[in-house]
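There are structures below to look over.
Across the two complexes that follow, chain A remains constant while its partner is chain B and subsequently chain C.
== the complex of A and B ==
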C-alpha cells in the first residue's frame, strides 16, 4: 500500500514538473472527454465507494450509448482513494496533471474536504457524494454536492415533528461517531430555533449494543418522539430495545432509518411508523425512481439505493453541463453545472453559491419495513 | 431505582453471553496454554450457522442451535488438527496460526453469506415481563437460562466424567498425564471442540439480540477475552464471574459516562488487572510453551 502511495506521489510530481504546460485540457476538442471517478474501492468504506461507482458508471454508459457529448465519448476512469484523505490529495494532483476535466466522488466528506483546495486551484469541477455541512461552508466555486447536507435532513425532520405534528417532548439518542454527532448537532440546532429543549439527550458509543440504561433514563421522561442519530444497525438495535422497555415514543431519524437493515434489525413491528427524513425514500417512491431501480437491477443484479441514485444524479448533471460547454472544463464547466436545473431522482437540483443543489428532503413513514411518503399514508 | 434495575437486566443478559465466550477462551487455554485468537470468529460462524438454519430451513431455534454447535465443533477440531504438529514445539507459531484461522473464517463467511449480514427475528416473540415498571424481555430469560445450563453441563463433564478428568489432568501436567496413558492430542482436540461448541451457543444466542455480520466476532472476541482475563484466565468460575462483571460494567458505564463509557470500562479493566494480574480467581495458570 505504501508503495502505491509513493508511486502515485511520484507520478504526480513528475507530471507536475513542466510548469505552465497544458493544464487546460479544455482546449482539446477531439478524442474522449476524461472524467475521473474517485471513490474508496478498498478498506472499511469500500461498500459506499462501490455503490457510488456503479451509479456513476450507469449514467456515463447511457450517455456514451446515446452518442456521448456532442459526438465525443466520455472516458470514465476509476481511482481508489481507500477512504483516506492523504491518498485523496495525491489523486487530486494526479488528475489535474493528467488532464481530467471533471471529478465525480468521493463518498466520504473527509476525503472531499482534503481534495477541495487542490481541485479549486486546478479549476476542476467536482460533484461529491459527501453530506457534511462543512463542504458547503467551504463555498468553493468548483465543489458541488449531489445530496443535501445533514442540516437539511434534520431541519426537514424538525419542521415535520415540531411545526406540523406539534410534538413538544422530544428525546435524543445518538452515537459520538462522525455521522451520529453530526446528526445530533444539526437536529439540536433545528430544535433550538423552534424553542424546543429536548427532555433527554443520551450519547452512546458507536460500538455499544446494550442501551437499557440510556433508554430507561429516556423512558422516565415519557417522550412523544425519540430522535435516533446512528447508523442502520445501531438505530435498529436502539428501536428494538426501546420497544422492549415499553417506550411508546415515535422513532425519528435520517436516511439510515429508511433502510431494510434498520427495519429488520428492529423487527418490522417495532420499526412500524418510524419517521424518516431522506431525499430518496424507496425504490418505489415515484415512476422515475421505479424505472431507475429496474434499470439498475437489470445491469448489476442488486437493489438500487440512495447512494447509487445520488451518484447517478451527480454524473447526469456533469454530463449535461459538459454538453453545454462542448466538453470544455474549468470555470466554464463550473458555471454550466451551476446552471443545470435537473429534475433528478433525489429531487429538484438548483445549485446555490455554496454548491448545495438539493434544499429539501422528504418525510417518509416506515410501513412493513419500507419507507413510504408521509403524505400518501 | 427503575433505571438501576433495568440497567441490571441488560448487563446480566450481555454478561451471560460474554461469560460463554470467556469460557470458550478459558477451556482451550487451561488445556493447551494457548490463547485461541480465532475464537471471536468461531462465535460469528456459530451465529451465522444457527441463524441460517433457523431462518432458511425453519428448524426450531433449539435444533438450529444444536446444528450450529456441531458445525463449529468440527471447525474447532480442524483448527486443532492443523496446529497439532506445533504443539510443544513452537508456541508463537501456534498463536499466529489461530489469528490466521480467524481471518480465514471471516473471509469464508463473506464468501458464503456476503458482506452485508442479516437480522435474526426473535425466536420467543412474547411481550416482556413487567415487574413494577422494570421490563424483562423473555428472550433475556432464555439467554440466561441456556447459559446456565451450558455452564452446568460443562462443570459436570469436567468433574464427573473420565474424559473430563483426563482433560483436567492434561491441564495440570501433560507429561505426567501422558505417562498415565492419556492421549494429550485427543484431549486438546476435545478442548478445542468444546470451546468452539461454547462459541456456537454464545453466537446463536447473541444473533437475535444483534445483527449477524462477518465482523461481529471482533468486539465479542475482545470483550470475551477481557472477561476471561478479569476472571482469571483458564479458570471456569473466573470466566463466568468475569463475563458477568464485564456485562454489568459495560451497562452501568453506558448510563453514567455516556460517550466515555467504553473508555471507562477498559480503564477499570486495566486497573483491575494491574492490581490483580492473575484475575479474580487467580489460579496458577499453565504455560507450557
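== the complex of A and C ==
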C-alpha cells in the first residue's frame, strides 16, 4: 500500500514538472568572478595549451594583485579538453552549469568550433586562441578571437611574396590537421586572387616526421618559395629536410615559423631568411612587448612567445570588459568585449561583428633564429 | 521482473537529482552503452573480432551531420538514412569475415576504421579536421531536446528498446546459433547454422547499434569531428565490453556506464587515464576473464548441490518397417589433397534402417569419407546421393537441413553453451533467412522457441541428461560428453546419422549403453553409419561392414564375412610396412586426428 502511494506520488511529480535546472541561475554580485580557462593539458596539443594557460594566468594574477574587478577577485579555473571536441562540448556544459561568466581558450580551433553553439546558448562570452576562418564564419556574438584568422596571416604573406617580391614559382606543403588545412586553404585562396597557381601542393599528416618523398616532388619543380602550413616542430622538420635535399627555395609561413622552436628544429642556418607573417614577430618588437617578455620570464623562467602573448591579450580584454560590466556576464559582457579598444601586444584590437579583433599581421624575416621586421632587413 | 520495476523508476527519476553537467555526462554514457551493446553482440555473442564499431558510430553521426547541414534534410529523415548507411557499412566490413577470422579479422576491421578516420579528416564534405558544427536539434512534437534532461528521456526510450532487442536476440534461436558459431563454427555448420549469413548478421547488428548511437550522438552534441571516432575511443569501447563481460549484454551495459563515469572522474588526470584503462583491462582479463558479468558465477561457484547422475536412456518407439530404400548412395568418390589421394573410387550404398560400420586402419580415409558425406569437403570426383537426390558438394548446413547429422571424432560440443543450449541449437531447423521475423514478428519467434524448448527437454529426458541440462559440457566426464553429442545429433531429427568413433574413450559399461542407444536409434527409423575401431562393438552392432584401406574399399559384407576376408586380415595385421604412409595421410586428410 505504502509503495503504491509512493509510486503514485512519483508519477504525479513526473507528470507535472519536467526536470531541469533554473536557467537564470542568477548573476552573483559578490564573491569571486568565475572565469574558465579551457585548454589541452594532455595529448598532442598540450604544449600549446600550457603556454596559453600561462599567458592567461599572468594577466589574471596581475589584475587580482591590482585589486581585481571592482574589488572582486577573478577566480580562474583550468579545464583540460584533451584536444578532443567531444570533451570540449562536455566542458562547455560543465562551465555553463557551474556558473562561469566567461571562458578563455581553447588553442585548438576544432574544439572551440564544437563548443561555440553551446556557449552561445548559455550566453557565455569566449575569447579563443584559435585562428581558423571558420570561427569567424560562425558570426557568434559570444565568440571572439585574440588573434587574426589564417586569412589575414596568409593574405599578408601572399601580398608580400607575390606583389612585392614578384615570386611566381610557389610550392605548398601543409598538414591536414585543423591548423594546417586552414593555412593551406587561406594561402591558396590568396594566391588564386593573384592568378598564381602553385607549382606543387603537397599534403602531409600532422603526425608525419619524414617528408623526403613530398619534398623530392617539390624539388623537381624548383620553386622560389616554399610555403609551409604546419605547427612549430613540423615546420622545422620540413625546413631541415628540404635543405638537406638541396632545396633552395625561401621558406614562408605563419606564426609558427617565427618561433625559436622552429628555428632550433630546423637548425639556425636552415631557418635563416624564412619569411614569417605574424602579429607578434619577436620579444623585442616594441617597448611594450619587451616589458611583457621580461615580466613573463621573471614569473615562468622561459621565453615569451606568440601563444603566450595572445592569451595574455585575450585575458586582459576580458578583464577590462568585466570591469565595465561590474562582473556581470551574458550579453552585456559580450557587448563590452566588442567595445574594448586595446593597444595590445599583437596590435590594435578592434572587434567586428564576426569576432575578429586584429586585422593585420606583420612580415618578418628570421635572422639567427629570431624574427625581425622585414622593413629592417 | 522484480528488479526491473525499481530500475525503471530509478532511471525515470534520475534526472531530478542531477545537475546540468552530470546530466550531460549521463547522456553521453547512455550513448556509449548502446554502442557497447552492439560490440558485445558482434564480439561477445557472435565471436567476430570487430574493431570498426567506432567507425559505424562515426558513419551514423557523420551521415546525420552531412545530410542536415549540407542538404537541409530534416533530422529524423537524416537519422533513418544514417542508420541505413551504418548497416550498409556493417555489411561491407562483414564481407572479409566470410573469408577470415580471429586476428586477421581484427587487423582488417582496424584498417577499415582507420580508413574511415582518414577519410573524414581529408574529405571536404566531412568538414575535415575541424568537423561539422551546427547540427540541428532534433524536433520532437514541440519538446525542447536541446535540454540535456529531456534528451535523456529520448535516449532512455531508445536505449531500453535497443537493450530489449539485444536481450531478445541473444536468448532466441538466432542468438544460440551465433554463440554456437563463436564456440565452433564447423560444428555449428553441421547442425544447420548458415555460417556466412550468421557472420553478416553479426556485422549488421553491429552497424545497426553503431548507427543508432551515432544518431543520438549527433543530436546531443550537435557537432562531429574526427577525434571522437579515433582509435583511442575504440580502445575505450573495447575496454567497456571486456570489463563488463563480453558474452553478456547486461555486462556490456554495466561496463560502458561504469567506465564512462570513471573516465569523467579521471578528467583531471586525463593524461594518465589511458594508462589506467589499460591496467584495468589487463587485470580483468587475467583475473575475471568473463568480466563483471562473470563475477557472480565465480563467487557462488562452490555452492552447488551434489553432482547429478546420468539417468538411463529411454529407448525410442520403434518405427513401423518401411519399404527398402537406399538412404545414402556414394558413387565413385575420389578426394585428392594436393597430390595425396585420400579416397579413390569409393562406392557404397546404405539402405534405410541399416547400421553400417566403416572400419579400416588409421589413415585409410574413413573420416575423409564422413567429411565428404556431411559436406565439409567437396569430392574431387564422384557423386553423393541422399534418398535419391544428388547433394554432391552441398554446404554442411544444407545437408543438415536435409537430415544428415554427425558427431565428431574429437568432441565438438559448444563449450560455453549449456547442455540444453547445445541441444537447442540442433533442434532449431530454420534457415537463417528466417531472421526477418526477429524484427517484424518477434512474438512468433517466442512461440517457436517454446516449441524448441519442449523438444529439447524431450531429447534431454530420453538420453538421461536432464540433470545436466544447465551445466556447460566442459565440466562433465568424457563419457557423458560423448552421449551429449549423440543426443545433440538426434535433436536434429535426422534420417541419416554419422557417428565418428563414438566408443573412443568409453569404458565397458558405457560401450554397452552406446550399443543399446544406437540400436534404438536405428529402430526408430534412422539409418546409422558408424566409424569405429572397437572391433567387438562393430561385430555385434553393425548389420553390414565396409572396410577401407589406403583410400579404397577392400571389403564389403556382413561382419562375419568381412572378418575372415584375407585382404582385411592383411590390412590390419600383415604387411603393415607396405601400407601407404599413414602418418602423412593422417595429417593431410584427417585433420581431426591431430589431437590424438
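Criterion: the second predicted complex is superposed on the first by the 329 of 377 C-alpha atoms of A that agree within 3 Å, B and C clash if a C-alpha of one lies under 4 Å from a C-alpha of the other, contacts with A are read in each partner's own complex, and residues count from 1 in each chain.
Everything that follows uses one rule, which is that a contact is a pair of C-beta atoms (placed from the backbone, for glycine too) under 8 Å apart; a residue touches a chain by one contact, two chains touch by 3 or more.
Please read all numbers here as calculations on a predicted model, not as lab measurements.
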item	value
Partner, of chain C and chain B, that touches more residues belonging to chain A	C
Chain B versus chain C as contact partner of A:176, first or second or both or neither	both
Partner chain(s) touched by A:165 [first = chain B, second = chain C, both, neither]	neither
First, second, both or neither for A:244, with chain B first and chain C second	first
First (chain B), second (chain C), both or neither touched by A:212	first
Contacts of A:367 with chain B and chain C, given as first, second, both or neither	neither
Which superposed partner A:117 touches (first chain B, second chain C, both, neither)	second
Common interface positions of chain A, toward chain B and toward chain C	176, 203
Interface residues, chain A side, partner chain B - complex	47, 176, 202-205, 207-217, 220, 233, 236-237, 241, 244-246, 261, 264-265, 267
Residues of chain B defined as touching chain A within the complex	2-3, 6-7, 9-11, 13-14, 115-116, 118-119, 121-122, 128, 130, 135, 137, 209-211, 213, 219, 247, 250-252, 254-256, 258-259, 261-262
Partner chain C, residues of chain A touching it in the complex	7, 10, 13-14, 18-21, 41-43, 46, 79-80, 82-87, 89-90, 93-94, 96-98, 109-110, 113-114, 116-117, 121, 132, 134, 138, 176-178, 180-182, 203
Touching residues on chain C, where the partner in the complex is chain A	9, 12-13, 15-16, 18-21, 24-25, 28, 121-122, 128-131, 133-134, 146-150, 221-223, 225, 227-228, 267-268, 270-271
